[in-house]
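Just so it is clear, A, B, C and D label the chains in written order, and each chain counts residues from 1 on its own.
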Amino acid sequence: MNIHEYQAKEIFARYGIPVPPGKVAASPAEAGKIARDLGKPVVVKAQVHVGGRGKAGGIKFGKTPEEAEKVAGQVLGMSIKGLTVKKVLVTTSVEVASESYLGLVTDRKAKRPVFMASPAGGVDIEEVARTTPEKIFKMHVDPCTGLLPYQARFLAGRLEKDPKLQSQIASIAHKLWKVFWETDCSLAEINPLVKTPQGEVIALDAKINLDDNGLFRHAELEALREGENEHEKAAREMGLSYVKLDGSVGCCVNGAGLAMATMDLIKHYGGEPANFLDIGGSSSPDKVLTAMRIICSDPGVKAVFFNIFGGITRCDDVASGIVRALKEINIKVPIVIRLTGTNEEKAREILRSANLTATALMDEGVRQALQMAKGGVN
Amino acid sequence: MSILVDEKTKVIVQGITGRDGSFHAKTMIDYGTKVVAGATPGKGGTECVGVPVFDSVREAREATGANASIAYVPYSFAADAVHEAFDAGVELVVCITEGIPTSEVVKIYSKMKSLGVRMIGPNCPGIISPGKCKVGIMPAQIHTRGNVGVVSRSGTLTYEVVNQLTKAGLGQSTCIGIGGDPIIGTNFIDTLKLFQADPETKAIVLIGEIGGTDEEEAAEFIKSEIRKPVVGFVAGQTAPPGKRMGHAGAIVSGGTGTAAEKIAAFKKSGIAVADIPSQISGLVASLMK
Amino acid sequence: MNIHEYQAKEIFARYGIPVPPGKVAASPAEAGKIARDLGKPVVVKAQVHVGGRGKAGGIKFGKTPEEAEKVAGQVLGMSIKGLTVKKVLVTTSVEVASESYLGLVTDRKAKRPVFMASPAGGVDIEEVARTTPEKIFKMHVDPCTGLLPYQARFLAGRLEKDPKLQSQIASIAHKLWKVFWETDCSLAEINPLVKTPQGEVIALDAKINLDDNGLFRHAELEALREGENEHEKAAREMGLSYVKLDGSVGCCVNGAGLAMATMDLIKHYGGEPANFLDIGGSSSPDKVLTAMRIICSDPGVKAVFFNIFGGITRCDDVASGIVRALKEINIKVPIVIRLTGTNEEKAREILRSANLTATALMDEGVRQALQMAKGGVN
Amino acid sequence: MSILVDEKTKVIVQGITGRDGSFHAKTMIDYGTKVVAGATPGKGGTECVGVPVFDSVREAREATGANASIAYVPYSFAADAVHEAFDAGVELVVCITEGIPTSEVVKIYSKMKSLGVRMIGPNCPGIISPGKCKVGIMPAQIHTRGNVGVVSRSGTLTYEVVNQLTKAGLGQSTCIGIGGDPIIGTNFIDTLKLFQADPETKAIVLIGEIGGTDEEEAAEFIKSEIRKPVVGFVAGQTAPPGKRMGHAGAIVSGGTGTAAEKIAAFKKSGIAVADIPSQISGLVASLMK
């Protein structure tokens, strides 16, 4: 789960990482008031879950409260990569002597967190990794000991020469590690970490991605979730994984790998999937009902394809769900069903009684669904 | 032979008295797996699906000499269950549970390496050596004994492939689902080493998916170390970047972890790549001739 | 370093371990006031750094504030194993349904902390270990993971059958682990841990020993040090290890092992050492001076024996210190010097110039010192 | 031969630019020890006592191929220094520092075991294989090459004994001070195993002290595993219970850890026990005949 810069900075501040003072605003007037209270020139920054907001004009300066209010009016409501800006962060403008990068992610290969530091700050770190990898310095963190002082010292030494600045950075690194580890982050990043002409080190930006699997033990962070539409929310609450796509064949599959393979197969046979949807392990007619509601709410969907390989998921549960959905929801598109595995025969009986049929083969099912989607009639 | 589990594997079911635990314990027993004990705190001294239940894994292991365990435990307690099994001296723990925080898996992995033991999973269907032993939740009837080793990050997609193999007359030595989380106890390379060393395994099917670089590393490893034919498949060619496709580990981020890269790596290493799942059995058959 | 029960209970309370309400008092009137404020029958408990205070009459009950004041008057000022009671803890009296033991120490053999739980509470755990070891249940704690839930559950299950009580105990175990680990304890113990007839689990007593080596990072705990006399304090502040004993031969040695061996050798030749004193690794004349002040302040000392094997400790530094001490302190007892090793010759010259001699052999030195101590003249 | 350190040992001195660090680095070099590098943060690129200094142990090791390090680092930074050395791939770390919190040593020990590396100490004088290599702070001149292995929890008491041995014409294969803290990286048994396997060592002197049960366990081990004569001594017979005698580990608590118990254990295992230090060389000489 991603959270906004202003939320990440609140967490940073709680752990003692220096950030510029500021507050979030939802209206130009509010932004103006914050700027007045700060009593200094400010930066107004769009709060959207997407990168590249600077280039898109989502970061503007306001020397006076009036100017802050004005630029906030420009940023609020603007669209960045399809997302509407509903909030801006108003913070004091910081003089920058130099910029660097300090971040932590989980290294899937090493199977432990890795710190990254780079003197090339303020730019996309993935770009740095591609073009000048020698400018990125890494330190893996042992989960038993946490970040060790010598490691923090090493990272700090790669960013600044002055021992005083180094010790500020080392201290920030220790705090960033605590943020990462104690709040179950999958990424915690300061980019840029800046040095001011006065010799202070400050986190000018803040980015935190949370490990979804860790959220159950951080209720206060779960509460930060936003930007979900009602279907995504309904899916999550029912234990379904749903990702909307742009094609015409709605998919309802048990298992993430099979769901991806189903999408790929639709593409392989010349179609486009309308979504990824994994109904998960333990089947229930309710889940199927919710899944159908979500899939069919997408106006792009011209046909729905069920692909079920029964294991823990019982085919009869899915069949019952389909029959119920057809009764309870006004479904305007054709449904193609492939099912095999646990309780397959029972399922076929249930379907038969509702005048439905099912194939046992995935390829066949996909081809039928594509035909239906192209035909467009029920 | 086969890998990791066979007729000699003696299994403890952690959380046996739960709904899932008892159901799967029974299907494992029905399949012939030596389920020697269950462990549920507070239920010591009782019996479940014909198996004695102990309060702790330590007691269960000491009483039965079990060498493996499988944990049917909710995500908030699953990491603790794995630690308990390792601390009790269990050498192989299969962790089915989805939703364990990554930081907990990191700690388990570190302990696993220092003890020299093994976890399969988390977030996986488990492992089966057809005709010998099943430690997992996969539908047993689709498997048949034979010479193809199957390793996969997925669950149902593996069933799809195994079902096909069986129908094509290609039995399996061992099928292992290594799990869909970003950090897992046993990865492709670990499994490939075992398949290479197993005389019963004559060909290997490797089913990858988007996210991470496990497939790329496996490809390198296959090129230099594996002397058996390998058929590969990668799910998620149509997955958009930045979105988690169900599995916590199935996400293309920062331009890495794409299916295209993985397929390219497979091809570069001389692995026969199936474009769609239904091609897999044909490729295996042709390579095993 | 040992701390008092009331101090340990303050730490327990900070970590959420339930303890009976109470406060420490230094006078009967204060004790009476605390009892009045608590508004319930109380227990008045002597706060001394020694075990067995119950048997010695250091724990008394007061049903009324007046009675509390009266018994506090009896306990305050009493002597327990040679220590005068200067403070009492006044806490509400708790009804006890059953008593058990829960504690944590560092297991030197396993090289990690070990939890111990025993249903035989309220008695000396070392006695339980000797007589009925099967009543003690142990769980080693991995420093990487800390106490794991299954371990806390195991320990709780050994103390109570009722799941509700078990979960209270498991929670206390987790908190006790945090106390132990985060405050650098060498022992953290609840004895007895009691169950009340109302089904609550409470730490009726609290014992904490702190790892001296960890104190540098817990200034607030270092401040709890008490009961040191001025010599012990002076020794510690100068980096000397000093333990007063009852014999007549004062010892000043470099190195703890050699210092113990010196004491043993004095005993072997029929004498009694007056103290253990290790002047530590890096020698300085100042250290020697402080050491001499401390040793000679003991009226039992009839002779002082220096035993120096120069390594990092330079013999000439020690010799200079001895010469200075003889000038600056009014020393009434004879001094016997054994020194060998680094800068031995220089040292002998310094001593010669002050009309002192030194032997190079430990046994010879000890025998001379014993003779001197018996002779009793300078 | 000898144990743990010899002519092939290449040493990094951590904290070489400090007062103690540079002094002892020099005495080590003068003795012939291959001190190949120093490490002090911020001093990389300089030189100290003729040795190149690096910012980190990793750089020092990579540049020199060192396989051992010795840390002259204050107690508040010493644990970090040991971690740094292990993380850099150093296999043997000698930690002289006194005063490291026990919880930090517990963590180091756990890491040491999982990496399969070794720490000597903390709170110890180090190790010397006379005539070959000295990694420590002991006065070199009292040692002479020979066939007695010496292991001790003490510093100066060891010098006392070694000095005697040398004067009696009994040279040493290796002398190791394992440290006076309650938890140490290398204990008596670890060292005894090495002495048993070392052909140069013909007899062993073991110097214990009060506190813990290391001596008792060593006695058991000697009885069953050691086939060379052992002479034992235990310091602290006159130490009162409950008082820490200098060393953090030298404390009789709860009636265990007394010198009397340890001496009894030694005698029970057939170890020749010296009543006073000056008897040790005589006992060794008689047993080596």
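Quick notes on this structure:
The rule we apply is simple: contacts are C-beta pairs under 8 Å (C-beta built on N, C-alpha and C of every residue); 3 or more make two chains touch, one makes a residue touch a chain.
Keep in mind it's a predicted model, so treat the numbers as computed, not measured.
With centres computed as the average of Cα coordinates, no chain lies farther from chain D than A. Averaged C-alpha coordinates put the centre of chain A at 27 Å from the centre of chain B.
For the pair chain B and chain C, the distance between C-alpha centroids works out to 54 Å.
Across the assembly, chain B contributes 107, 110 as residues in contact with two or more other chains.
Residues of chain A in contact with at least two other chains: 142-144. Interchain contacts join each chain to each other chain, per the touch definition above.
Across the interface of their complex, chain A is touched by residues 20, 75-76, 98-103, 106-107, 109-110, 125, 137-139, 142, 152-160, 163, 180-183, 207, 209-214, 217, 233, 235-240, 243-250, 254-255, 259, 275-278 of chain B. Residues 142, 144-145, 148-150, 153-154, 157, 163 of chain A are the ones that touch chain D when the two sit in their complex. On the side of chain A, the complex with chain B involves touching residues 106, 108-109, 111-113, 126, 129, 142-144, 181, 184, 186, 211-214, 216-217, 241, 243, 245, 253-261, 263-268, 273, 276, 278, 281-282, 309-313, 340-342, 361-363. The residues of chain B lying in touch with chain C in their complex are 41-42, 55-57, 77, 80-81, 83-84, 87, 107, 110-111. Those residues of chain B that touch chain D in the shared complex are 110, 113-114.
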